[in-house]
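Got a structure here, written out as structure tokens. Questions coming.
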Amino acid sequence: MDPAKIRDLLERVRSGDASIDEAQDALKHLPFADLGYAMVDHHRALRQGVPEVILGEGKTSEQIAGIAQELARTGQNVLVTRLDEAKAKDVLPQIRGMRYAALARTATLEQAPIPPLGSAPVALVSAGTSDLPVAEECAETMRMLGVAAERVYDVGVAGIHRLLAHTETLVAADAVVVVAGMEGALASVVGGLTAAPVVAVPTSAGYGAAFGGVTALLAMLSSCAQGVAVVGIDNGFGAACAVTRVCNQRAGRA
Amino acid sequence: MDPAKIRDLLERVRSGDASIDEAQDALKHLPFADLGYAMVDHHRALRQGVPEVILGEGKTSEQIAGIAQELARTGQNVLVTRLDEAKAKDVLPQIRGMRYAALARTATLEQAPIPPLGSAPVALVSAGTSDLPVAEECAETMRMLGVAAERVYDVGVAGIHRLLAHTETLVAADAVVVVAGMEGALASVVGGLTAAPVVAVPTSAGYGAAFGGVTALLAMLSSCAQGVAVVGIDNGFGAACAVTRVCNQRAGRA
Amino acid sequence: MDPAKIRDLLERVRSGDASIDEAQDALKHLPFADLGYAMVDHHRALRQGVPEVILGEGKTSEQIAGIAQELARTGQNVLVTRLDEAKAKDVLPQIRGMRYAALARTATLEQAPIPPLGSAPVALVSAGTSDLPVAEECAETMRMLGVAAERVYDVGVAGIHRLLAHTETLVAADAVVVVAGMEGALASVVGGLTAAPVVAVPTSAGYGAAFGGVTALLAMLSSCAQGVAVVGIDNGFGAACAVTRVCNQRAGRA
Amino acid sequence: MDPAKIRDLLERVRSGDASIDEAQDALKHLPFADLGYAMVDHHRALRQGVPEVILGEGKTSEQIAGIAQELARTGQNVLVTRLDEAKAKDVLPQIRGMRYAALARTATLEQAPIPPLGSAPVALVSAGTSDLPVAEECAETMRMLGVAAERVYDVGVAGIHRLLAHTETLVAADAVVVVAGMEGALASVVGGLTAAPVVAVPTSAGYGAAFGGVTALLAMLSSCAQGVAVVGIDNGFGAACAVTRVCNQRAGRA
Amino acid sequence: MDPAKIRDLLERVRSGDASIDEAQDALKHLPFADLGYAMVDHHRALRQGVPEVILGEGKTSEQIAGIAQELARTGQNVLVTRLDEAKAKDVLPQIRGMRYAALARTATLEQAPIPPLGSAPVALVSAGTSDLPVAEECAETMRMLGVAAERVYDVGVAGIHRLLAHTETLVAADAVVVVAGMEGALASVVGGLTAAPVVAVPTSAGYGAAFGGVTALLAMLSSCAQGVAVVGIDNGFGAACAVTRVCNQRAGRA
Amino acid sequence: MDPAKIRDLLERVRSGDASIDEAQDALKHLPFADLGYAMVDHHRALRQGVPEVILGEGKTSEQIAGIAQELARTGQNVLVTRLDEAKAKDVLPQIRGMRYAALARTATLEQAPIPPLGSAPVALVSAGTSDLPVAEECAETMRMLGVAAERVYDVGVAGIHRLLAHTETLVAADAVVVVAGMEGALASVVGGLTAAPVVAVPTSAGYGAAFGGVTALLAMLSSCAQGVAVVGIDNGFGAACAVTRVCNQRAGRA
Amino acid sequence: MDPAKIRDLLERVRSGDASIDEAQDALKHLPFADLGYAMVDHHRALRQGVPEVILGEGKTSEQIAGIAQELARTGQNVLVTRLDEAKAKDVLPQIRGMRYAALARTATLEQAPIPPLGSAPVALVSAGTSDLPVAEECAETMRMLGVAAERVYDVGVAGIHRLLAHTETLVAADAVVVVAGMEGALASVVGGLTAAPVVAVPTSAGYGAAFGGVTALLAMLSSCAQGVAVVGIDNGFGAACAVTRVCNQRAGRA
Amino acid sequence: MDPAKIRDLLERVRSGDASIDEAQDALKHLPFADLGYAMVDHHRALRQGVPEVILGEGKTSEQIAGIAQELARTGQNVLVTRLDEAKAKDVLPQIRGMRYAALARTATLEQAPIPPLGSAPVALVSAGTSDLPVAEECAETMRMLGVAAERVYDVGVAGIHRLLAHTETLVAADAVVVVAGMEGALASVVGGLTAAPVVAVPTSAGYGAAFGGVTALLAMLSSCAQGVAVVGIDNGFGAACAVTRVCNQRAGRA
């Protein structure tokens, strides 16, 4: 909005030529004025019990501990992801109450209550044991965001009956996260078994022609099951955020 | 099938309360009977007003018309995707009531009512005019699935204020579909503006180093906004299915 | 071996300075002398009823007809692969008895009896309708090589029960060919259901992130089912040759 | 499960010839009962002397030893693959009778007899010394699966006469495994010398433009010799499984 | 800014508790209020004589003519890029005064004066004749933006003396655009000859291993000459915009 | 030029048959004679206060210290890039006055005055904390080249308002450097906010599908904002050189 | 060299202060003065009977005919490469004496004698019939450059004995050109059979995983035969130039 | 050839039923009989003074020392390539007379005289200091093969005059090896300056978008200078072998 027009508007307010309501209305349509409102609202929604997240990868133990201590002081919950065991040994003694999940490579500090999200657990499906670290990163993130997980692990498609035995869980879930490496076929089979939202996470597990997760990534994006959506390789954290968006939206309207 | 139910059935066979034929019938739907339950349920949910889908690409006009006529006879709704204009001219005269959406390259036959899904429209956001065919394929698919769309078109990030003016729509939506080619940056900005589920569709639009959508695909998968999920290149149909899973799940629990 | 040395050896044979056994021994170690034997034998095995193959792609109708006529004159069977419909219309009238399989894009001339190979049909499994041309190229090639095929079509993994209904066929087969595009997950599921040799053929069918068959190719190479072997994209002919090697070897020893 | 068998079972329930418990037990193995039949059969075939396999890569020495001990207790044979020398030193003292093959990077425990498979040895052909670890992983796996190997090592195509001297072995083999890195040309030459099934294993050996085995992989998939089938890079284990499928199938029918 | 705070501010204006200046100051720091100012200014600068640009690729002749006519009516200059000859024949008769540059594949309508930018011509250097369409697209765009070009064509590095003869031009230029396909080496040599800003445009010209411009793109990004900046493949338009930013900035401060 | 012709020319000069002017003219067209002039000039411009640069990567501490000492003796300024902390500890005690910037991984020796370049600071914009090392390498290089930087850090597009608050800085800058990893969207948004020259630096920061900076690189090259130019991955040094060319050119004409 | 210094030197020559020898010495060290000599010499060598080359691809019939006519007038030989049949029909009637080689897609005008190069023919080896166009482009180029070719065609490695029968030719040749698509294995086998220089040309022939020649290109670059050098995909022309450099160098010294 | 037939032939020789000439004729057509002659000859040529080569990469110090000792005992020369400094320290004390070239990462044992090859030195051109290890590997290999090298180092194209000063060397050389990383432009410029055979070696040196040598590799293959041939990344050894083939061939005919 042109400064001159704002000045003019203000002068008309002062002179009484424009009512406060009119002026506020006019200002509301200032570019992004309503944005501000929306975002605050959105931020408020997100801030309730939502942990601050620290990406441990590429930070030193000192940096991680420093940020975590600062956050801890404010009473917030804290989630550290991609924290290897060596750093965890350095960091944890410095943050009272923080716990480390070795498989998930996450550390969490839970000092504020976490309001639960969603009406049914999110099914967390994984193919093989090498996919577990990513699945557990997803699980820990969901836990800190208030989303319940029902683990359906070790159900790779080469032994299809193991998966089929869990069909009811897949159908009933608020959403399904599928974690698989190698050829990532699990996402397609799961997508055909349930009408729930499916978020697929390719993992870097595998060899031969798995190419660090690229094969699973492409396979999941090309799934013959309709409506499967995909996040980046090994991004269990991202999948948790995606299903949280789903649960959050449901919660926000109930 | 619940073991208790099987036991009950067997007891009714022994007692003569159930004939062998009845029991066999009940069991006939095994081996996928409990699976079947879930799936039938799931199928039932999906079958209400859900169109049968014909992928027009790679089929001749005759094949498309043949399949469509057969489906039309059953009273179902029909959706043909990726149908170019030349084929559409051949096919439409043969299917009474079928309409062609040239931009979306879809043909639809709507003879059964489509029950609406979702509590707020899905925001359908696209970057440039070259992305419109994909966005409209998504829109037409959503329409046939009962999902309302609110179009927010031509809001590429190089003119960021155009997008920001629609923030409230993005925040209020049941879900957001972001359709963008070139560098696909729109998905990241949108993901930061709303807490709703975001499904990103990379398009093949662009030149220079767009590589037929690969750049947008990778960029969307690497989005700095958390929880953005992605479908394949130009897959407007897949994005519609993904948000339908979200709306469907909400509907199923309400 | 030096011609002079051979001459010398022969002269010593004639003069009696070298015994026949000594000479034969010396010659046996000529490079590849035994190779000659092996290869002739091997060629003889291959020549029985085996068609000559003409790759139609990249040849003109005239060239194809010319080669086919020449082969036809010798009484051999002929197989033309990757022959599109336009060329087929030109070629067929020139070769009496040649038949065209439009879906497989093959033309065949069968004038010599084809000895059957194998003890049970090869299961020919395909995922979707777009994969049929490749599957049928495989089927026609197998037919010309004497290998019986049992078609198990349209059993994509998004509707897993359709595939499971054919498990017995997969288990009983001499070998299984799996033809699938998109994410190629079918190979992994099939590989888990049978202990028979599995040859997977990725197809170029698909969109989104299928990349002309590369995704299916990589996925099949990364299959979580052990011992799945793979041929090139859309190479139905190659898969038929691979399973023929299997059946041939069995036949050769019975 | 055969409908006739189900009917018979139900009639025996009605007549009292079968107790409810017995019938439920029989049915308990549904939903995969007919599937189950096939699979059990298949599993039985596979279970005879077949080792349990532990992928050593990505597991700690403790995890490997733990799993191996548990398996050892059941009397089964055990195969650990991709076990580096450091871990082997930790693991072996804990499993009585386990042996380590340093070149193959495998550890094996052989406590049950291994029934031999196949009528002639599988020819195991490799190009250079850098390919030996992959070839030996294949050999050790074959040994544990009962498949005899005839090693034809160091026969790279740059000295073609070395390979040709072994032609008879290639022709006579039940199957041929070709292990080669760099440009992987060996698979094409071998495929032209024998009509036996050929499984090609690209290795990551090489430099210049070998790209960690991708070049050999693509070259083998593009082989001008018909019917060569390929497994993933460095996947000696997978090749052994593939030829075992071939030998197994032959054995199953004899 | 919180609506409540805005209301409060307005009330204080009305009551005289806040002066107009104070209020305007406060509002100026509304998010994006100054942005608005900046952007208007920026837009004004850009709007002076700057043509509207229509990307001809992917639009029909009707669409292009329609948009061009609408723009023409407003008195603005118009630039159509990537307009092939067939479409140009359709479009030009409909827009009085529009001219077509066949090599550049651009059409231009020049009805407003174009203020010149820059103190010395931009050197426009290209390697071979196949690069000329891209170079000319750049030249035409620069012309419409007021930037003078000095063409230095056909100076590929395989005949290095041809390039060296133009060193003075390269040194004196406001900026240098280097247009080259194949191996793109020209950018490195030019970058070493001048201290002026260098914008490199890889073209899709070439064969062998040029891969549609990817090789030139990567080579230019890896240039051993420091400070060479790169735009996308065949993006002559983008390079013109990049050097216009340079000239524009100079002009804006003079 | 042929030595004989030069001799002949010189003899004609001596004898008076050719005037000095004629001779000079003839020699002027010797290939590259004027080049020599241009280049000296160009070199002189570059040499004023410009540091010698040592790429620390791939050199030992001894090598780096050796080169730096030699340069230091001449009184020049020295810039060492990509110098990790371990090497820095070795090198710094050997060069009096050298300082290490740990985040930038640069060491600098400033003993000659650095003439300032440019009329307004270059805006140095970065997305996330992982991008800081690259941004700081750019900042240190600019400092040594006389270019002032205004840091605008941590303004990733997922929180778009943080960036927008700095719009005025972007508009006023002599040039803008954008440093971003992951999906690199920041370059597009910045390019839309300012008409200044924009040089984008993709970084290797990111995971999921960031592929070591390739995704950001491609995205920046495909930017929907016109005229964004790009340098190689993590090449903060190159970006500094590119903007120095811009500032240098401005300075050279003022 | 500074013009002033040149002037000064000339004046000292005129005045006798500098001898002709001194002056010539000084000038000899002008940058590139000796270069000029070398290049002229080099050009002279190249100009004897060497045809001018016109790349037909990407030029219209008119352009090709125009350039060819101009060259024809000067009495030079002319070689047009990558000239498809349609264009050839247009061009040939306009150039008296020009002949078209359809398979090679080259047109040649031979009006000056071509001095022969080399002491033995270059062996031109190709794998399959699809490789012939590239091989013939090489042959025609060699013919126009004076290099004799001995064709060894259709010797793919799947029938290794066909190649081995030509070993003597490979050993005796001045150089060997190997033209092969698919997996390109021929280059490795040939490289092992001869000590002559080997230039390998990958072709785009093939399917499955040939990827338009990329597989053959990588395979040839990774050849296990030492000292095989490679040119770009389908670059028969380039291979001819490479072996001409070899023959030329030999000739130049004899 | 069938052993029985050979026996029969020999018996007919002995009995006089076949003349020696007839028998020799028959045997001459044994596959590869003449090959044997050719190859022996070829091998003899290669064996004169040629070192045995050990690839140090991927071998332990013990293995390298073992092989080297065995070779040393036979009086041959030995070349070990890709031998890092740590291993060299282990190996050298065990082989009397072996010398280590640290930059080249080669160890050589020279106990037999090396006959010189070629009439003029091979020009060994490299771009930057990071390319030196590859250049030196090439130099050491050439030395052991009898090929003289003239080093032209540090002549990257960003300072083109440094290269031009060496034009005469490039023109006079028997062959030129160009070693360059980053964008590999040096090969194109050199190829334009000389008519000698040019072998280009891309190196993995570089950053930004050098991708471990892939960029240089592709650029060299796409060189606008005709007839440049390329070997794999960092393959200095291969380049030495390629130029040795050139020199060898010349020598063989003189």
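The letters A, B, C, D, E, F, G and H name the chains in turn, as written, and every chain counts its residues from 1.
Throughout what follows, a residue touches a chain if its C-beta (ideal position, glycine included) is under 8 Å from a C-beta of that chain, and two chains touch if they have at least 3 such contacts.
What you see is a predicted model; the values in this text were computed from it and never measured.
Between subunit A and subunit G, the least number of touching-chain steps is 2. Chains that touch both subunit B and subunit D: A, C. With centres defined by CA atoms alone, the chain at the far end from subunit A is G. Simply put, of E-H and B-E, more C-beta pairs touch at E-H. By residue number, over half of the contacts seen at F-G repeat in one listed pair from E-G, C-H or D-H, namely C-H.
Set against the Cα centre of subunit H, the chain with the most distant centre is B. Subunit G has its Cα centroid 49 Å from the Cα centroid of subunit D. Centre to centre, using the average C-alpha position, subunit D and subunit E are separated by 60 Å.
Rounded to a whole number, the gap between the C-alpha centres of subunit B and subunit G is 56 angstrom. Across the assembly, subunit F contributes 31-32, 35, 37, 39, 161, 164, 193, 207-210, 217, 221-222, 226, 231-232, 238 as residues in contact with two or more other chains. Here the chains touching each other pair up as A-B, A-C, A-D, A-E, A-F, B-C, B-D, B-E, B-F, C-D, C-G, C-H, D-G, D-H, E-F, E-G, E-H, F-G, F-H, G-H. Partner subunit E is touched in their complex by these residues of subunit G: 32, 35, 39, 55, 57-58, 217, 231-235, 238. Looking at the complex, you find that subunit A touches subunit C at residues 127-128, 156-160, 164, 182-185, 187-189, 191-193, 206-211, 214-226. Of all residues in subunit C, only 130, 161, 164, 205, 207-210 touch subunit B in the complex they form.
Listing the residues of subunit C that touch subunit H in their complex gives 1-3, 6-7, 10-11, 13-14, 16, 20, 23-24, 27-28, 30-37, 40. Contacts from subunit C toward subunit D in the complex involve residues 31-32, 34-35, 37-39, 41-42, 45-46, 119-120, 164, 167-168, 170-171, 174-175, 193-199, 217, 221-222, 226-232, 237-238, 240-246, 248-250, 252-253.
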